[in-house]
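By letter and in written order, the chains are A, B, C and D; residue numbering begins at 1 in each of them.
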Amino acid sequence: MRTFRNDYSEGAAPAILRALVETNAEQTPGYTEDSHCAHARELIREAVGRDDVAVEFCVGGTSANIVGVTGMLHDWEGVICTPDAHIATHETGAVAACGRTVLPTADEDGFLSPEEAERVWARQTSCGRHMTRPALVYISDTTELGGVWSRSAFDAVCDWARARGLGVFVDGARLGSALTSDGNDLSLEHVAARASAFTLGGTKNGMLFGEAMVIADPRLRHAFPYLVKERGGLIAKGRLVGVQYEAALSGGLYWKLAAHANECACALRDGLVGLGYKPYLAGSSNQQFFVFTNDMAQRLERAVGCETWCDLDRGHKVVRFVCSWATTHGDVDELLAYVGSLS
Amino acid sequence: MRTFRNDYSEGAAPAILRALVETNAEQTPGYTEDSHCAHARELIREAVGRDDVAVEFCVGGTSANIVGVTGMLHDWEGVICTPDAHIATHETGAVAACGRTVLPTADEDGFLSPEEAERVWARQTSCGRHMTRPALVYISDTTELGGVWSRSAFDAVCDWARARGLGVFVDGARLGSALTSDGNDLSLEHVAARASAFTLGGTKNGMLFGEAMVIADPRLRHAFPYLVKERGGLIAKGRLVGVQYEAALSGGLYWKLAAHANECACALRDGLVGLGYKPYLAGSSNQQFFVFTNDMAQRLERAVGCETWCDLDRGHKVVRFVCSWATTHGDVDELLAYVGSLS
Amino acid sequence: MRTFRNDYSEGAAPAILRALVETNAEQTPGYTEDSHCAHARELIREAVGRDDVAVEFCVGGTSANIVGVTGMLHDWEGVICTPDAHIATHETGAVAACGRTVLPTADEDGFLSPEEAERVWARQTSCGRHMTRPALVYISDTTELGGVWSRSAFDAVCDWARARGLGVFVDGARLGSALTSDGNDLSLEHVAARASAFTLGGTKNGMLFGEAMVIADPRLRHAFPYLVKERGGLIAKGRLVGVQYEAALSGGLYWKLAAHANECACALRDGLVGLGYKPYLAGSSNQQFFVFTNDMAQRLERAVGCETWCDLDRGHKVVRFVCSWATTHGDVDELLAYVGSLS
Amino acid sequence: MRTFRNDYSEGAAPAILRALVETNAEQTPGYTEDSHCAHARELIREAVGRDDVAVEFCVGGTSANIVGVTGMLHDWEGVICTPDAHIATHETGAVAACGRTVLPTADEDGFLSPEEAERVWARQTSCGRHMTRPALVYISDTTELGGVWSRSAFDAVCDWARARGLGVFVDGARLGSALTSDGNDLSLEHVAARASAFTLGGTKNGMLFGEAMVIADPRLRHAFPYLVKERGGLIAKGRLVGVQYEAALSGGLYWKLAAHANECACALRDGLVGLGYKPYLAGSSNQQFFVFTNDMAQRLERAVGCETWCDLDRGHKVVRFVCSWATTHGDVDELLAYVGSLS
């Protein structure tokens, strides 16, 4: 049985891999200064509907977060995010390693709320220079729990940040999944209109690797290219990222891949609900979280490699299933049949 | 005409690309925890002739240098290197960005000498805690000027470092070229026996990207995996690096690719000498540096994209030609014919 | 009326100031390499009952915490502490600015519990190299809320840390107050026997400035002198710290000053309780926290400069009163009379 | 015989010490938020002739350099300075420890030249984002070799920096000595008019400790207070620095102390020249450098603690003599008599 462990279990989507193969013998300048990267930048500018954004290519998600987050903070400043944010938990303190402070709220559902952001802001500015000053908000779409930001919730955070003078960084490692999910009302154009910078992720949407960093705030355009290099996020054969984004964005493949992963995930969700299982959080993105008994969780982990996300209570666990561009409806059916046989 | 600009102008060597294509649909765990990486690690251990080294995979050269250099230094310590070392010049201050100090010698030929290392050591330890304390020596093989370390010169630096209690890091981005060059008497086993850690580079020897970090000093084994992740050098689809090293090291392809690039470079060198041009430094690796008049240098840069390395005097420039696995003898002949036609 | 705002409102205790005046014309080597510092180090070694500890002098508390905490952590490691710890709240992200991560527990009373430390440890080590690894425990005695560590609670934390292989750093900015407080059963010798390093604070116990860092773990002896200099904590006229510790530790003045501050604070506490006010937490150190209505809190802040620590509920605030070596019983009586007049 | 080792061998000038004693019992707010600091700031604004500069107080020179230098640099930027600059040599890599790069020129006399600055600038900007970008010039007045900046040389550096868009930081640890030295034509007003920020040093001009940071560039006003705290340079009893500057700047004591040290140093210089010794560099500040045979250098070091600065050749050394506010003409005569007796 295929694994539902994550959306980076496989290589690249066939058309993207083909583009790499077809351009393999070309000789190009290094470090993303080639024509494929130029074209990919153009396609991204078209997709976000703005001529005036800059685009940098980073090799991976942690690398992109390091640039995006620390590049918007002075040494004494910090970033407000949810406690489960990737930068707060699963990046080995990468932000602190660059000298900046992560300031988690108490939001529990993966969505940063203006109320919690304001609470952290008020606390951190209550004592002048003695406390880290918040200067940035970090959110991810989808969230760590697979949640999709609504336009109104996103605007509320952006409004709050603007009122307080903070920047907004959107970690879009799974932005493709978010923007193509059922019920989503946020657009790429709108993200670009309101965020200071954001990523449009490649790794988790059919590329071998690579994250496109879209830089909307003109003050960051000079900084980010230096930071990508200094922090080790720039590869010599930089055209590889450009070639992949070119292939992905030409003809809308990027969005089709994401939509397909969502579809499989929703079929999986509906099937599990049909079998009587309870979703941990509602959602239509490519990650689905369900509650199982400890025993079932263990069996599933062994069978399809899905991760136990956390303990819900003594007898139950939250299990994560992730679909990707490579998942098939047959894979989902096979999984559902397996679960059904255990029930 | 093909460019001789560098050894990362093309994609991957065909067999390596093929391995990526063939394994593309496989599902594997992420972050280099898959069986391809395990196998690649095994092949590297065999190649270095030691069971007791650890191997980490970094995404690129700057990333590997960040881990290798800063991972061997405490906050108040520094690394001794030549003034033209990559970490001292072309990595945007990446070592300083991680809080450590680069301590250049005055060596002018790209080779670190024990005499200069001792001079820097003596100066930096003359004033106790008031000065950055040297704790590591950084060398690269080949050097920035295409030089190949002899075993005796390498041993002299290692002996000096051991006597002073410093570690040794070898940046092996072009170690393949070095070890397969005419007259080389250094072996991979010997590097592994004496260096604290070193890289066996992939990017510049036929892979899309990726550097293998060989960790010989057991005290570094715990540290480096954390550092690779924290500094953004670990990609989600980590198996891609493993697959490439597997393909490269099976059947000796890695060494064949490097030897081929050297061969082309030596043919180019001999041809240019035959045409009456003067090498800047003697050498048999895949980088060749020649002296041209300013006018010739400019024409060559336009024609074959070779880089002007530096000004030699008011009328002459040093020009760098780089061959790769993808260069053909036909390419070299074409270049020589072109140069001949200009002379 | 005198202020009860804090224990650094005044200059130095008379005998300490006198020592500075009397030695003012002496010529000594700089940077704590003089005979006064040597003598002070000797006195500290005697006081802690160990010949084998090293002693460094830092200029202030944040400076000492930077050295003590970051000097015990590798780049990818973090320090476990309570959420109200000085390093977590009031040092402008100084630990993160040096590239390390602060890992707060959920302890609410200022005392770090082994249970909470274990919870943080378990979480942070559940995902290998993807998470900041805890390597140090930070506690302060007295705590931020004026609490005094019992020997058994201190041992429990140290036992836990030893079992997990973590170091222990004790911020002793107010260790004098802690060790001389009523009911204290912890000794300086015991702290030195169990902590990796700790400070014996000067600034808040009658000196103009200065913190003595006692380094018990021999592995830190080489590092800390460099770090104190590199982080800016070493002053040129270093003998000033030595002269002050000499004066303070000769004849037990240090302990008398601390005991006096405690006595005044306890008299204040008893008086307020007598007037019917409620302590926020019980304690016998030089800081006392009481609950007042918002209106009373505001009046008191205006009259005696005491700080509002936090809001208890909508109608009440927690107010902090701090006594120092310079507080007199007359000052306390005057304050109590004033409070009585308002009641 | 008194030592001529440095200008921080003694405590504070009597009037400054007296001010500390007289204000010792006062209760003031901490962290330089008291009325003495406010007054001292006012006196400094008057002395520099500008109402619109901000003033922060740092505890020492390294601390001030950390704030001044790293506070003007983004993560990927560097500071151009002479190779003997304090930040490049004697601060244990403090600038790198904060993630920024020191870019030394080849100037050999302690004065940064626009030509050398331009050379470093040209090299560092020749390769775009691959190299640390210079963004600041650091000079010190007096220089490490006791040199005093002329107005024209200072303006030349400032003009160059302005033309290239770099900031200017003046390390004024000995600015008092510089501005009161014979032949000086630079004024405090002029420094304040052209530098982005500079220090007016206390430690080496009669205070126990403390450096006043004058912030002329309005963009730095928000940043520096946070940085002083975050980097550990802010002491709790901050009023101590204010009290000292108040005493020093009232009635021109600060300038008298510096002028006196210069006078003694010039008498010493003239005496040594009279005895036939050769100055290493001409100068009228409080540091004098002379050439002696190795034997004489050793005897002098033993007798008056003066430092051997460097080896001139196999048989000769450069020896540094430093005078302070505490040096007397009698001390100078005694030293000269001693040297004469050895000759």
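In the analysis below, contacts are C-beta pairs under 8 Å (C-beta built on N, C-alpha and C of every residue); 3 or more make two chains touch, one makes a residue touch a chain.
Not measured: the values here are computed from a predicted model.
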So which one's got more C-beta contacts, C-D or B-C?
C-D
Of all chains, the one whose CA centroid lies most distant from that of chain D is A
Interface numbering overlap (same over half, different under half) for chain A and chain D
same
Any idea how many Å lie between the Cα centroids of chain A and chain C?
42
The distance between the C-alpha centres of chain B and chain C, rounded to whole Å, is 50
Between chain C and chain D, centroid-to-centroid distance (C-alpha), Å:
33
Provide the list of chain D residues touching at least two other chains, using ranges where the numbers run on.
75-76, 91-93, 97-99, 129-130, 226, 229-230
Quick one: in the complex, what on chain A touches chain B?
2-3, 5-6, 8-12, 14, 17, 20-21, 23-30, 59-63, 66, 91-94, 97-98, 203-204, 208-209, 226, 229-237, 240, 305, 326
Touching residues of chain A toward chain C in the complex: what are they?
75-76, 78, 89-93, 95-102, 127, 129-132
Per the touch rule above, chain B residues touching chain C in the complex are 31, 70-71, 74-76, 98-99, 128-130, 133, 223, 225-230
